[in-house]
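Data block below; observations after.
As written, the chains take the letters A, B, C and D, and residue 1 is the first residue of each chain.
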Amino acid sequence: MKKIKITINDKPYEVDDGQTIMQAADKLGFRIPRLCYHPKLSIEGACRVCIVQVEGMRNYVASCAYPVSGGMKIQTNTEEIRQARRDIVELILDNHPEDCHTCERDGVCELQRLAHLTGMRHRHFEGEKKHYDKDLSSSSVVRDPNKCVLCGRCVRLCSEVQNVFALGHAHRGFRTVVVPAYNMPFKDSVCTACGQCINVCPTAAFVEKNFTQELYPKMGDTSLIKIAQVAPSVRAAIGEAFGLEPGRTMELQTVAALRRLGFDYVFDTQFSADLTIMEEASEFLERLQGKGKLPMITSCSSAWMKCVEQFHPDFLENISTCKSPMSMMGAIIRTYFAEKIKKRPEDIVSVAVMCCTAKKYEAARPELMVNGLPGVDMVITTREIAWMIKSAGIDFVNIKGENFDEPLGLSSGAGAIFGTTGGVMEAALRTAYELYTGETLMDIEIQDIRGLKGVKVGKVVMDGKEIRVAVAHGLGNASKLLDEVRRDPNKYHFIEIMGCPGGCVGGGGQPYAGSNSIPLDEECLKKRAEALYGLDRSKTIRRSHQNPDIQRIYKEFLGRPLSATAHRILHTHYQAKKPCGIIPRELQVR
Amino acid sequence: MIQTDDVKLTELKNFMAEIKKRERSESQLIAILHKAQELYGYLGNDVMDEIAATMNIPTAHIWGVATFYHYFNLKPKGKHVISVCLGTACYVKGAAQILETIKKELKIAIGETTQDRFFTLEETRCLGTCGLAPVMMIDDKVYGNLTSKKVVEILHSLAHEHE
Amino acid sequence: MLTPLETVKKKRAEAINRIVGKGYLSTKRVYVGMATCEIAAGSKDVMEVFQTAIKNGLTDVYLSQKGCAGRCNLEPTVEVIEEGLVPVKYGRVTRDMAHQIIERHLKKGEIIEEWVIR
Amino acid sequence: MSRKYSITICDGPTCLHKKSKELESAIEQCLKEHALTDKVRINLSGCLGMCGKGPILIVKPGYTIYGSVTLGDVAEIIEKHIIKKKPVARLAIEEDHLYNRFFRIFGDVNFFGKQLRIVLRNCGIIDPESIDDYLSVRGYEALAYVLTQMKPLDVVEEVKKSGLRGRGGAGFPTGIKWQLTAREKNSEKFVICNADEGDPGAFMDRSTIEGDPHSVIEGMCVGGYAVGAQKGFIYIRAEYPLAIKRLEKAIADAKAEGFLGDKIMGSDFSFDIEIRLGAGAFVCGEETALIHSIEGHRGMPRPRPPYPSVQGVFNKPTLINNVETWANIPVIILDGAEWFKSIGTEKSKGTKVFALAGKIKNTGLIEVPMGITLRSIIYDIGGGIPNNKKFKALQTGGPSGGCLSEEYLDTKIDYESLAKVGSIMGSGGMIVLDEDTCMVNIAKFFLEFTENESCGKCAPCREGTKRMLEILTRITEGKGEEGDINKLQRLGKLIQKASLCGLGQSAPNPVLSTLKNFRSEYEEHIKEKKCRAKVCSTLLGYEISEKCIGCTACKKVCPTGAIAGIQKSLHVIDQSKCIRCGACFEACKFNAIKRI
């Protein structure tokens, strides 16, 4: 790479050519304030917060978009540019509700942080503010355009990363607003509820549909049995909400905190992940023997399932009929476990603590009901549970860890890695290999399908038969992978798809990025994933079929994988949905 | 509308089919919206759904385009469309008063349609007939050298036509 | 084969022939402004008067439309061009005036001074 | 009284220098001596673009051009040419410029004579719907010439040499733009004609296209050949149906005659043009927004670089020029860059088309050589202010431009001079304002426009123009506060320097320039709650004068019952009840109600 000489704030530096001013400055330790910029998304250059002065240029330059060049003299912190930046942030703030103290993102809001950073102490330009109705229609995501600062990160994410195109800018000028098509209620749109808009939103224009206030009365009702299940990736990320570094596993603390909050039982979704693997691996082997369509595609990710129904109905037959681990756990709680504790299923409050907003949507799907009741009554995201823990005054960081409850609390390492991209596939192959060949798979860590590459492929040879697998995370990558399959239907046998970038560790319900971090930061995702791989390595049982409690539930209740009972309780079917979504082939959204 | 208006739909579909034969057909979205508006008088959601499906363009994107450009109507218009020119030349010669007069006379604001669906009031920026300023256009006829009085007369004569 | 320059010269000769064939060499040529602004000011009516007159037997006149010359406040405009004379430009022409231009100027050769744009 | 002859004397700066004024009096004298005053009309024209051979006289009919005329030649010209009808061959010069045809017809009219018509050379003299008419005025000869005689890079060089600058407003050197696109290595390139003329009060492009569509097409073909493009787009406002119709016909005719399409006129150059319609968005005049619109997106600008010459429409190298720029091209090719650059000022060459409107006698479309003064345009061509009103300001550049007061009227038209005094050349809107215009109100008018047309992408423009408009609105409503002027300036400068695109960067210009040149009017509005032009209605009062005949019309329309008086006697307004709606003023047929 060619080196060029520039100056920043009158000091000389040598930097790589071919990068933007912001990139160069970042590497030199100048963190220019920014808002609409996101490294994973296209350059918008809209907010103008990251302006700098460049000698010889009449106007300020948006450092996120402007390339460095040899001899460039850049000023990032003069009195003039500081006032300009402060005025820009003020202009944005002038059209923003001033309700910080009652706002969900108070303290974790980028706009608030910017106001602080730019040193705003007076207001000069207040006037009319926009006024829109909140969109409360979706069971997962609440849209509040009044808080939108029009940075466009959600729009770019929804189209460029997720390929869903649920959101767009509409109208123009002061009336510009980010909305679904026709300004329709979010629930009727093609939104897959993945919640990534929440992750990238700098303010509270998108937040999860909060269920904590509905949960509290139930927690106080002594006639009910309160049961929580905890998804694998929650434990890998919840620490961040308490100021801990990403990647710190807080499994046992989470269990302890949930008990302090009043849950009677705390179960592990990793257990039902093991159960999913038993069913899914068996289903795969059946399909491999000609009973059903290949490639088989996983169905654990709720956003992905809505995506298939809307955008890829031609693949519905390829989708595994297994419910997600959350719904399997819910179903088992209402049946097997209710019977075990001799309670009526309706006397149980089944709460799922998830990294995910789409799970809120999944929980309400009628086709997943068990005996007329939803498997899960309420889904609470990592963010919500972290808030509940804080609100209850529980010293989460220092609390003494506790174990999950039996009989639905013991899990294998395979269950833990469900929370990261490639994990379901890896877990399934560990079991499928041994069920198919009867031999022990020696090398159970399948490196080819780990990591953050968009589409990963790998293969396993079972009894001389080559099984080709592919893994995609993020719905955009999923679309690309499916296009490949459309061109060559026999290319793969088994495909894992997760709706969110990085898999569940990057879910839409995970803690907001801290003040020195960015949403969906790859380093953060890697650390969370590493926490789960660490959990896997720490366990002696790393294969789902070797989990003794799994073996017990089959013996006591389900019989064998794919039995009639298993089908009735643990499997489901999916159907094409309206509105039918459109994924353009070449469209570049700007 | 779309079900009862088979002829229009067929014409729109043929138009899109022609466009699809050309390369980069999705770039013709604005031309298609023009065509749809020419046929239906406005852009209804069902029409935009049809365009989305045929042209493989996300509906949120179409909605974004349809709401960005002033030329597109998302609601049906009245029988007569009044466009008052608010170009600079007309403005300095009193176009604002002309607009106020019409608003008062018809009891509607810019962009609205009278309850009887007879008049829609719009503003436009320069009809290019600055020599006649202030001007307004009703449907495709330009009326120049307007005064408030003249405007009221014109509106009345059109309204009488209605009766 | 012809070069592009030769081609265009040939085409120009052909075009001029066609124009002449339409009566361009008539003693009087009449041009009516037909741009948006002229039309808004009423030039379609004026054009129609001339067209009708020719249909009804007005001879030795070549009628054509033209774009806007730029005299906004004097539109619609009509030019009468006669070889050997300074072209006459009429402004704010109405239907009535068009009739008179036909009767007095085209038929009798009288230039109607008070309507001429200076 | 009919004059048979006209003598046009070039009154351009060069000819003036060469004593054209003395020629004028000599001719007048000579005509008097021969008793020909009634038969010959003398006109003074603006620069006729033949400066090398000045002073210039043109004798019509016949359009004989005499060059380097001395006082001693006058008698000979009158005696031989006018009396004996034999042109003086010794002095006659051959200068077959493309624009001559226009002056043959219109040169004797003051309004036109002072102009120099290069872009509008055919507007108003040919049938725009006839390709034959265009061919007859050397149409498509420039294209044929470059295809026969010039390599693409020679064409680029010629345009560079001409000194032509973009006529869309910013004045970027056209030749450089061509060169940047030409040097990109890409098998697919585009040229675009920006005909999204959105300035309120500007209609130069519409008139050009309606009057002479082929010259734009020919210019684009030449450009396509020069930069190596295969396809052109004309992006035109949907509000211009007649222009679109004429363009469509012109393109079809040009295709039929082989000036567009495969292997044009037997050469290896293939080029096609497609029309793309805008849909009512001023911001689409900005080139990156225009590109997005052509691609079927919302017309929102994007940061540059990459510039369109590198990554334009469909991410391919793209050359964008506006209508007027394109229409100059055939003339530059046929009459030569050397000739073209002889017109105008040092840094601004050629001519500029303006749409002259507002409070001026002769409204219309004009084309003047660069370097002419604003005063000359207003008084010589425009004929001054009607109704004995006083000139107050000249607005150029539309919503991106500024308002200049009387003291700047001797500014010469060129890009730098206008920028220096706080306005811009702009695309060509030129609005004259008289004493009845309130400068705060006019600033508000333009800001209303830009606020409405802001695409909403970047924060300074989207939020800032709204706030500026709110401040201006309250000033015009008499609610202005101390400090508002400072706020306007602070916001204005921020929006200028921090906005993403040209629309935002120039949006505050009308406010900042009126603040600079008419600050006292702002102060009057804020401190004295007074509008001297009597425009801001809430700052006005109404009074009934002796002219009142007691018709009761005002009393009937008054919504607050503030007017008292009986039939056939003088009425009176109760100022405490009056809400200053102006209804009485509108209703009075006897001019008895006065604004105070």
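Just so we're on the same page, contacts are C-beta pairs under 8 Å (C-beta built on N, C-alpha and C of every residue); 3 or more make two chains touch, one makes a residue touch a chain.
Model, not experiment: these values are computed from the prediction.
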Find me the chain with the mean Cα position closest to the mean of all the protein Cα atoms on display.
-> B
Between A-B and C-D, more contacting C-beta pairs sit at C-D
Quick one: chain A and chain B, Cα centre-to-centre, how many Å?
-> 44
Chain B and chain D: spacing of chain centres that average the CA atoms, whole Å | 27
Mean-CA-position distance for chain C and chain A (Å) = 73
Among the residues of chain B, which are close enough to touch at least two other chains?
-> 26, 57, 61, 64, 68, 127-128, 130-131
Residue numbers in chain A touching two or more further chains are 169, 171-172, 589
Residues of chain D that touch two or more other chains sit at 203, 206-207, 240, 281, 295, 297-298, 300, 357, 363-364, 455
So the touching chain pairs work out to A-B, A-D, B-C, B-D, C-D
So in the complex, which bits of chain D are touching chain B?
-> 198-203, 206-207, 238-240, 276-282, 293-300, 314, 355, 357-359, 363-364, 395, 398, 429, 431, 433, 437, 442, 445-446, 449, 455, 586
Show which residues of chain A lie in contact with chain B when the two form their complex.
-> 159, 165-172, 179-183, 189-190, 579-587, 589
Which residues of chain C touch chain B in their complex?
-> 36-37, 39-41, 71-75
Of all residues in chain B, which touch chain A in the complex?
-> 26, 45, 48-49, 52-53, 56-64, 67-68
So in the complex, which bits of chain C are touching chain D?
-> 1-5, 7-9, 11-12, 15-16, 18-19, 31, 33, 35-37, 39, 64-74, 77, 79, 81, 83-87, 89, 111, 113, 117-118
